[in-house]
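The structure appears below as structure tokens.
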Amino acid sequence: MPTLTLHDAVGAALAEEMRRDGSVLVFGEGVATKRHDLLTEFGALRVRNTPLAEGIIAGTAVGAAGTGLRPVIDLLFAPFLCYAMDELVNSAGKLRYLSGGQFSFPLVTLAMTGAGWGVGAQHNHNLEAWFVHSPGLKVVMPSNPADAKGLLKAAIRDDNPVLFFLDIGLLYQPGEVPEQEAVVPLGQAAVAREGRDVTLVSYGKTVQHCLQAADSLAAAGIAAEVIDLRSLKPLDTGIVLASVTRTGRLLVVHEANRLCGVGAETAAVVAEEAFAALKAPIVRLGGPDAPVAASFPLEQAFVPRPEAIVSAAERLCRHHSA
Amino acid sequence: MPTLTLHDAVGAALAEEMRRDGSVLVFGEGVATKRHDLLTEFGALRVRNTPLAEGIIAGTAVGAAGTGLRPVIDLLFAPFLCYAMDELVNSAGKLRYLSGGQFSFPLVTLAMTGAGWGVGAQHNHNLEAWFVHSPGLKVVMPSNPADAKGLLKAAIRDDNPVLFFLDIGLLYQPGEVPEQEAVVPLGQAAVAREGRDVTLVSYGKTVQHCLQAADSLAAAGIAAEVIDLRSLKPLDTGIVLASVTRTGRLLVVHEANRLCGVGAETAAVVAEEAFAALKAPIVRLGGPDAPVAASFPLEQAFVPRPEAIVSAAERLCRHHSA
Amino acid sequence: MNATPSNPRLLEQMLLVRAYEEAIVAGSAAGQVPGTCTSVGQEAAAVGVVNALSADDLILTNHRSAGHLLARGADPGRLLAEVMGRRDGYCGGRSGSLHISVKELGVVLTSTIVGAELSLATGVALSRTMLGQPGIVACFFGDGAACEGSFHESLNLAALWKLPVLYVCENNHWQAFVHRREAIGHEHVADWAAGYRIVARTVDGNDVDAVLAAASEAAARVRESGQPFLLETYTYRTRGHFEPDDQGYVDAAELAAWRARDPIARYRERLLDAGMLTAAEADELAARVTSRIAAARAFADASPYPSAADLASGVYA
Amino acid sequence: MNATPSNPRLLEQMLLVRAYEEAIVAGSAAGQVPGTCTSVGQEAAAVGVVNALSADDLILTNHRSAGHLLARGADPGRLLAEVMGRRDGYCGGRSGSLHISVKELGVVLTSTIVGAELSLATGVALSRTMLGQPGIVACFFGDGAACEGSFHESLNLAALWKLPVLYVCENNHWQAFVHRREAIGHEHVADWAAGYRIVARTVDGNDVDAVLAAASEAAARVRESGQPFLLETYTYRTRGHFEPDDQGYVDAAELAAWRARDPIARYRERLLDAGMLTAAEADELAARVTSRIAAARAFADASPYPSAADLASGVYA
């Protein structure tokens, strides 16, 4: 298997899907400049730079998706989605339903998110939970290049609007990526590591932190299961519930603000549907309720670290023995 | 005590605060037309109609708040907030922190939300959880006219940006409102009814549904405690934890989509911090993951009804006896 | 293109729009029909433009859409059923009055987020050009929508990418409860087009012949050039923003002056004066319209509500 | 106002901006300083406008702010400390390079959301007028920001409410990796002002005397009329968007032509030619600047990082 960065895996998925389907096109601020190989292969009609205006980029994508095209738009950094909320939430997410099913909106929105470049809160804000909360949208956030490619292919083929978040911290990490099709279906989480004592649920860069924590925990005799959600909507609650039913302990980890985040949703589902299996409180580790500072040490401290995961998991496991 | 509708209670709070503090001003699309009494009393500089452009209304408020004024803006229906997300989230919520505390943003944003007018998903979308998830903002949603007045006065005096949601279904219901000061502090929930068997946590119009349900439950021998959150951020987790510690059972009810909603947050906090007290699963009743249809019966069915609350609460209480 | 000859069919369409909306107003006053945003006083602006379009053209409209829909040939019964939230409405009752789209008539992606139709129109036009489909895109919006940033972004992109959009600004002097004068420093939205090098024209929106002629010429230009055009129909909303509305905030003299320019009465006069219609024929038109609307109301009344069990279906494809 | 006489102080300020940014570029290449958006090539545009402002005036700026800040008198040491995320930065290291504001210098509410400074500027101007405070508001933004809807909304409101905003559009031909030509159908952002009845002017942004003169006149108009004005400084970003950037996408001839118009070299020549500066004095200026920047770097290096324990403090007032 070839080795690609997540950024290049995205490029590969785009190229393969554009080759497969002539109705796929991609546009955004600088897309044609930065993905020059796509421009070369598919030409200036299907790979376009745009004016600096997220609202019209998204609106144009919605209008085009509703009338026969399959646009992929790059809105750069997640906070810039704030300028496209109406188009994504009120139009893309709702007009299928409000039209009684007359239209559908096969549209993918790419956005980078999370710590890694030290650029502060107006470039770094994990707001994927907003879109989970909003009807009619799907939400994806891969933790490695192979999933990024496979999920993006699925997202482009999906007939619904998909928000596709790229974790900045992972963007230039290499990973093995299958050359063939290897579509990864939306809505299916993955068990990144099996274990019987505690379930660690995560997505994006903190999956790696969970895996590192699981290594340390194993040394201490605790077998942690690590679940990579991959899709945040639809959320694969089945895999989470099955795991917690076995382990009896749940720790949810993500970089986004805890309040009303995906961790809250996961915890609430488990507290409702796997209550009987729970042997200990459900713990969430997430970013604080604060904007992200640009200063390097503050930005790094924002993200739950493996050590914090280890100690929270140990606490949960001790709870049982108490 | 005089009787006012929630709409008029808001008007009374605005008038009192504008009288008290010359730096308070109010603007929005039609504010000067619809609150003509304010215009008459305070003049055209402090009570302004605006062009139809939510982004600049919010942006102007943020800029003004950062440099000495205390604006209140009316953005009408909650979905229109989508056009003001950048100004509210990226600027109002973050610039105090990013500036190292050089600026603060005393600013109140009013928006109507929820079922009641049969106008469909582009006018009716409960998205208060978005703002709970975003740092630097406070979020309020009163369930009655007295709280509306008291909370709005507190919001106007607060030095932080506050999102103030008005439940459309409650807007023209009358209620007693104290004539004097009666500021209701932000961040304090209220026990709307005491009970020892199950805790019903809610806000906005579903508080009334919980109270109705509590009546029915009482007849069946179940004493339900009803908590009205009032502020969604800061969330008064203390009052919720104290109640659940006594009752051992939690049912959270709101109209917003369950996924990543305030109910998820409440459930997660309880599953973490009051786990030992829990005698039954935590149940959330909330709107489905769907846009709101305009059709009257569909709009009504969207909101958790008293009957559903009763049966969920009964189920929880049976769980204990099982 | 030369002035289109006066045409009784246009009168009938305007009468239909008026009667349809009056039926809603009456039903709403009686508590049987939800309130809507009517277009009373603006019928010529809607009917004139829609009659200038061809079957291949697509339409985006907004909350004040009755004229666009009816002139395009929508069935008043299905429209009314939609407004009343019934199963036989064009959107199965989900839209209500505010987001009605009718794919089979090319009425796509109606948004009641003021300004969103401007954001979507560029995409609809883009797919036309990229998929090699015929037809232009007519995007109806108000003077209020023109204040949203989406107006600027949309016109800039349409000009830049050479998208076949006929922007139709219905400048009716009101943005809900705010007069245009309190929102824009000058009178005509068309003045903003020049900055984008978009050709624009303002036409008397209360003269259906003039609107039809101007819109035909504008549509032809868009069709030939493949580039956007902005047509401003200068008119007046003579009822309130949303029923009920006592219009207490409206300047009485201004309102009276515009009521005196009612597009329907004026056109009826013109046809009668020109001998293109007799008084008897005019009465017959009116009677036909009345009975169509009565039938529409009966159809809508008979249509059931959708089942609450379907509340959350059809959200995802 | 007449042309301002040439002035060695302006040269010194431009040299300071250049040296400051070159220090960041070098530090960044060495992995010691975060990358930033430099304004190399645009120093005259920033320095000329800021020198036209008075102490009472407020400034909103954006991601490419070094020139505005330094010309306003910001301390390069505290700026560099901020860029490096250190405690002694103007914002305690929280802003980094992108959101630096300095209240004591009247540099308020810097936003790196492109276009947001346009949304905030109206509010800052509103509080000036309502609180009866002196001074106008200078809002710096790029040709890219002018494509955002906030541009339209801001100019419309400023004209309507008569707000004292001096809009300064730095048209540097680039919007990150997109050439202006791919984003706007015409050359000058100033062309958009007329639609709002806002007076506008374009000036050679690489001629600091011309910028100072035009900005002085513009600021005086805003001050006297209480109404907005749009000044476009026509210039060129001669380095990349964000360090590092190989500029592989930039047309070499265009870049070379603009590099040949470097505002600093040009102004140095002019001062020398006019006899307002000797070569020795020029060298002395350069040396002074170099040592200031070296001291600034030392100051920033010595400043500690903020404590991670303070991560979530100061979010709320």
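Note that the chains are named A, B, C and D in the order they appear, and that numbering of residues resets to 1 at the start of each chain.
Here, a contact is a pair of C-beta atoms (placed from the backbone, for glycine too) under 8 Å apart; a residue touches a chain by one contact, two chains touch by 3 or more.
Here the structure is a predicted model, which means the values were calculated and not measured.
Would you mind checking which chain's C-alpha centre is most distant from the centre of chain A?
C
Would you kindly tell me how far, in whole Å, the mean C-alpha position of chain C lies from that of chain B?
Measuring from centre to centre gives 36 Å for this pair.
Counting only Cα atoms for the centres, state how far chain A is from chain B in Å.
Here the centre of chain B sits 29 Å away from the centre of chain A.
How many angstrom lie between the centres of chain A and chain C, each centre taken as the mean Cα position?
That gives a centre separation of 41 Å.
Give me the residues of chain C that touch two or more other chains.
Residues 93-95, 99, 111, 113, 115, 147-150, 153, 156, 160, 182-184, 315.
Residues of chain B touching 2+ other chains?
50-51, 53, 55-56, 79, 82-83, 86, 90, 97-98, 120, 122, 135-136, 288-291, 293-294
Connecting every touching chain pair, does the picture come out as line, ring, star, complete or other?
If you draw each chain as a dot and join those that touch, every dot ends up joined to every other.
Which bits of chain C are touching chain D when the two form their complex?
Residues in contact with chain D: 147-153, 156, 159-160, 182-186, 191-192, 194-197.
Within their complex, state which residues of chain C touch chain A.
58, 60, 89-95, 99, 101-103, 108-111, 113, 115-116, 118-128, 130-131, 133, 149-150, 153-154, 156-157, 160-161, 314-317
Within the complex, which stretch of chain A touches chain D?
29-30, 33-34, 36, 49-56, 79-80, 82-83, 118-120, 122-123, 288-291, 293-298, 300-302
Could you pull out which chain B residues touch chain A in their complex?
It is residues 79, 82-83, 85-86, 89-90, 93-94, 97-98, 120-122, 125, 127, 129-130, 132-136, 233, 235, 256-265, 267-268, 270-273, 275-276, 278, 280-284, 288-291, 293-294 of chain B that touch chain A.
Please name which positions on chain C make contact with chain B in the complex.
Answer in residue numbers: 34, 85-86, 93-99, 111-115, 144-145, 147-149, 175-178, 182-184, 249, 305-306, 308, 310-312, 315.
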